[in-house]
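Shared between the two complexes below is chain A, which pairs with chain B and chain C, respectively.
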Partner chain A sequence: MARRASWQEYQKDIAADNYYYARSCIRQNFFPGSERAFLDILRNDLKINIFDDPLHSSCTGIGYHSDVVPLETIMTIVARQFSLMAEAGYENFVSSCITSFGIYNEILATWEEFPETEERTRRFLKEATGRELVKPRSIAHTSDVMFLHREAIARRAKHCLIDVATGEPLRVVEHIGCHYAKIFPKSGIGGSEFPYVLAGMIESWGGEVVDYPERRHCCGFGFRNYLVQANRGSSVANSHKKLESMSPYKPDFIVANCPGCAMFLDKWQYAIAEMDGTTYGVGGHGIPVLTYEEMAGLVLGYDPWELGMQFHQVDVEPLLNKLGVEYDPDAKFLGRDGKRIGRPKSVAVNCSEQRQIYQIKDNLVRW
Partner chain B sequence: MLTEDIRFVEGLKACMNCGVCTAVCPAAEFYNYDPRQIVATVQMRDDEEIERLLRGDEIWYCGECMSCRPRCPRGNTPGYVIQSLRTLSQRLGLFVESEKGRQQLALKRLIGDNILATGYCLTPRNIRPELHPEQGAVWEWIFDNHEDVYGRFSQSYLREGAGALRRMDSGSMEELHRIFEVSGGKEFFATIERHSERKAREMGYDGATEEYMMQTYTYNSENHY
Partner chain C sequence: MRINFGYDISRPRAIDLDNNDLRKSLDIIAELPEVESCIGCGSCTASCTAGNLTQFNFRKLHTSVRRGEYKGAYEELGKCMLCGKCRLVCPRGINTRALVMLMKRKLGDF
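== the complex of A and B ==
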């Protein structure tokens, strides 16, 4: 009981309205439907104001954590993002990316602790852009915002996280991106040991959170440990460790709040299946991996293909069937304006009977 | 020089060598890597040993997940110490002396140059399926049909205006370039290129060519475990 309540020691103020939205490099590549759903849910379902600024850039965080972008440079880039927010008339900064979220918190803390770095950044920003640094009143991750509004979403639910065939709650593994709260535990709901940001959504929407031994282990991204092909063995080994650990608990799906984690836990299931034939889901398929916007969108009755769930390598249809979500199988792989553009080849973690072994096996063994 | 990096100042107070950082470290699970030992070495302030680290593979194993940070009972952050060592290794040109260090050229070109070209760290066109077989069949389909697939989710794909994967406007790109110029980002990129050029020639390549860069990106001696 004491452990369950421990997340409440780590609370933070999350602004309720009027957000400035900063997009994510990884998410707009792999989950463009989730970023769109976040804006749609806030604006259309919850009637909340959020500004999608066409002027901000990448925070350059992947470059920083690959050690090619210097600290002084990323600080100035971040200062520009904050200035754009203020110039647009906002003070509540919301980051779609966990890497960025960690960087925004780290830089604000560094400016506080080492004021000379803030002064230097102000100078660089002025010289490079003519802009003035204005710090935000609040910083939140998009999953914080979704957590804050979870009960409002629950009141509008078309589907709960319940198996319609059995009436039992779906069993959900939640995975929190390392940079959400490991850098600054106070910046995350529930801190770094018992983060509650996703668990709170799952519970509010009727699901059951799975506790398992490697729940807090990194997905394995590790920046250069994935970005450089020769290092990818490290990345897949860590995802493998997590999947092996959660598998005995038979989760119905995984939900992650980090762009990289959601992508890697999906894609590495494919790679592992191709390498040694191991699959972690029921019936020889994979475990679907969702973003929290996809989870919220399904709860609110959004079409799964409009949420972008066709971007996943592991098929989500078994989960949709459990939830009782209606969908058009033929619409899954349509392009813009309903254009037919073919479909991906079916592979080991998919539900189709057709199966193709890629040359990935040879490549991965070499890593 | 290390003590001039605020991440070093913030990341290392007094380490008591308990080893919790190594116990939780995902990189230590896989590599012959021990952040406890690295922190102990740096804490001794032995310049010869620190130079050995700057020339070696070991400092490049960390994934910067920062799992070490909340668990350290003394409030240290071995991940920050690693970041400061990596920066110094590149400034001094010692990164090219190790297999894992030489990969910085690939990271500079794949991520760094893409930031200056597009305003983003990653864009769909530089996640090429032949370099990313693990991305699978769905990614190949997205890659081959990118305009139709992304067009379903973003009105501004490869165009200016709000939305996913919008093209950055020229004014923002100019500001980004000036920020890299005045804050030392471009100079740092040039440092990586310069030392890679030198090392590539030493290794028998005709400079830091695409062939050399791909060698750093793909080669694994398997001496790291």
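== the complex of A and C ==
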């Protein structure tokens, strides 16, 4: 009871319609299907207006956190994004990336605290692009938007987060990106300690949230943690700590709202399996890692391969079977034009042959 | 290890008091109870003659031993010259030289 009261103190106003969409660099490369699914769910299922602007750029957050992009530069780039939004006639900014979300909040707070930095940024923006800075009325992360509409999605659900064989709720680990609410607790639903944004979706869609000791630990992404190869041992140690901690609770899958977290919790399982021979899921498999759009897409009955779930390092088929999702196993590695694009060799994390790496080129020749 | 990625999983440096064998540590404290009054100020290390010439760090060493981290402690204690400067500066008046001798006696097997 105390926990619930605690998260309810941290609420935020999320606009209900007319969003300006800012994409994520990492997600466009590693989870392109998730961004597509977000737009499809909002436009087609929920009939909500969202503008996907081809003019906007990277927020350069990766460079900023790696000390290669100066503060003045990133402020000007963010100011350009905001002015593009205003030019398009929107005032509700939604960011697909947690890093960007943190950046936008940090820069708006900096402008508030140090007005001279805002004035300087206005000048830079004018000189560089001829644009005027217009600040957004509201800023939300895309998981906030999904959280807001979770009941509407639940009403349209074709699959609930329930094991069709046993009728039991699926046990779901939720992982919140650090930059969602650890920088500005008031910017997240539930604050930094008890973020409810993903737990709310899981509960609304029939699943059971797993509470485990390292639930709020970082995944180890953290830019400088992995950009330098010598530091990657520290990066993987974070995911390792989390996976060791969650494994005894036998989660059916992990869901994350941060591009880096979803990528690292998935791909570090591959690396750990290859280095240590350890896997954390049931039956020697890894634990599938989903984005919240993929989770919502499965609930709404989207095809898993349309959602881009073949991009995952840990195979999702065991989870799809539990959910009772119908899918064509042969269509997993079909390209957009229906041609086979190559099939990766099985790896230790998916409990198959060992000492295998991707041999797409060989397979292409064979096919 | 099957694939060498050029890095390994960094192991945590946290001391696991739940799994460490604290029997030797408790023996040491029982024989020299004043050790428990240590405030970890580091004066012993700062004044240490051996520490000036080597990586020998007496505060780190006896703190680790009290927490059940015995590995390598005996060999490390061999660097102590028993000069007793640490005893002169200890604000708690701990007989640090006696502690060195006691730990060497207890930890020879580790």
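Just so it is clear, the second predicted complex is superposed on the first by the 350 of 367 C-alpha atoms of A that agree within 3 Å, B and C clash if a C-alpha of one lies under 4 Å from a C-alpha of the other, contacts with A are read in each partner's own complex, and residues count from 1 in each chain.
Criterion: a residue touches a chain if its C-beta (ideal position, glycine included) is under 8 Å from a C-beta of that chain, and two chains touch if they have at least 3 such contacts.
Since this is a predicted model, take the numbers as computed values, not measurements.
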item	value
First, second, both or neither for A:Glu193, with chain B first and chain C second	first
Partner chain in contact with A:Ala271 - chain B first, chain C second, else both or neither	both
A:Val236 touches, of chain B and chain C: first, second, both or neither?	both
Chain B versus chain C as contact partner of A:Thr279, first or second or both or neither	neither
Comparison of chain B and chain C by chain A residues contacted	B
Partner chain(s) touched by A:Thr291 [first = chain B, second = chain C, both, neither]	neither
Chain B versus chain C as contact partner of A:Gln81, first or second or both or neither	neither
First, second, both or neither for A:Asn105, with chain B first and chain C second	neither
Touching partner for A:Thr73 - first (chain B), second (chain C), both, neither	first
Chain B and chain C contact sites that coincide on chain A, given as residue numbers	229-234, 236-237, 241, 271
Touching residues on chain A, where the partner in the complex is chain C	229-234, 236-237, 240-241, 271-272, 274-277, 348, 354-355, 357
Chain B - residues contacting chain A, complex	5-7, 10, 26-27, 29-31, 60-67, 69-70, 83, 86-87, 90, 100, 103-104, 106-108, 110-112, 115, 119-124, 127, 131, 133-142, 145, 147-154, 156, 160-166, 168-169, 171-172, 175-176, 178-185, 188-189, 192, 216-220
Contact set on chain C toward chain A in their complex	1-3, 5-12
Chain B partner contacts - residues on chain A that touch it in the complex	23, 25-26, 28-29, 32-33, 35-36, 52-58, 60-63, 65-73, 75-77, 80, 102, 110, 113-114, 117, 124-125, 127-129, 178-179, 181-183, 185, 191-193, 216-218, 220-225, 227-234, 236-238, 241, 267-268, 270-271, 308, 310-313, 333-337, 339, 341-347, 356, 358-360, 363-364, 366-367
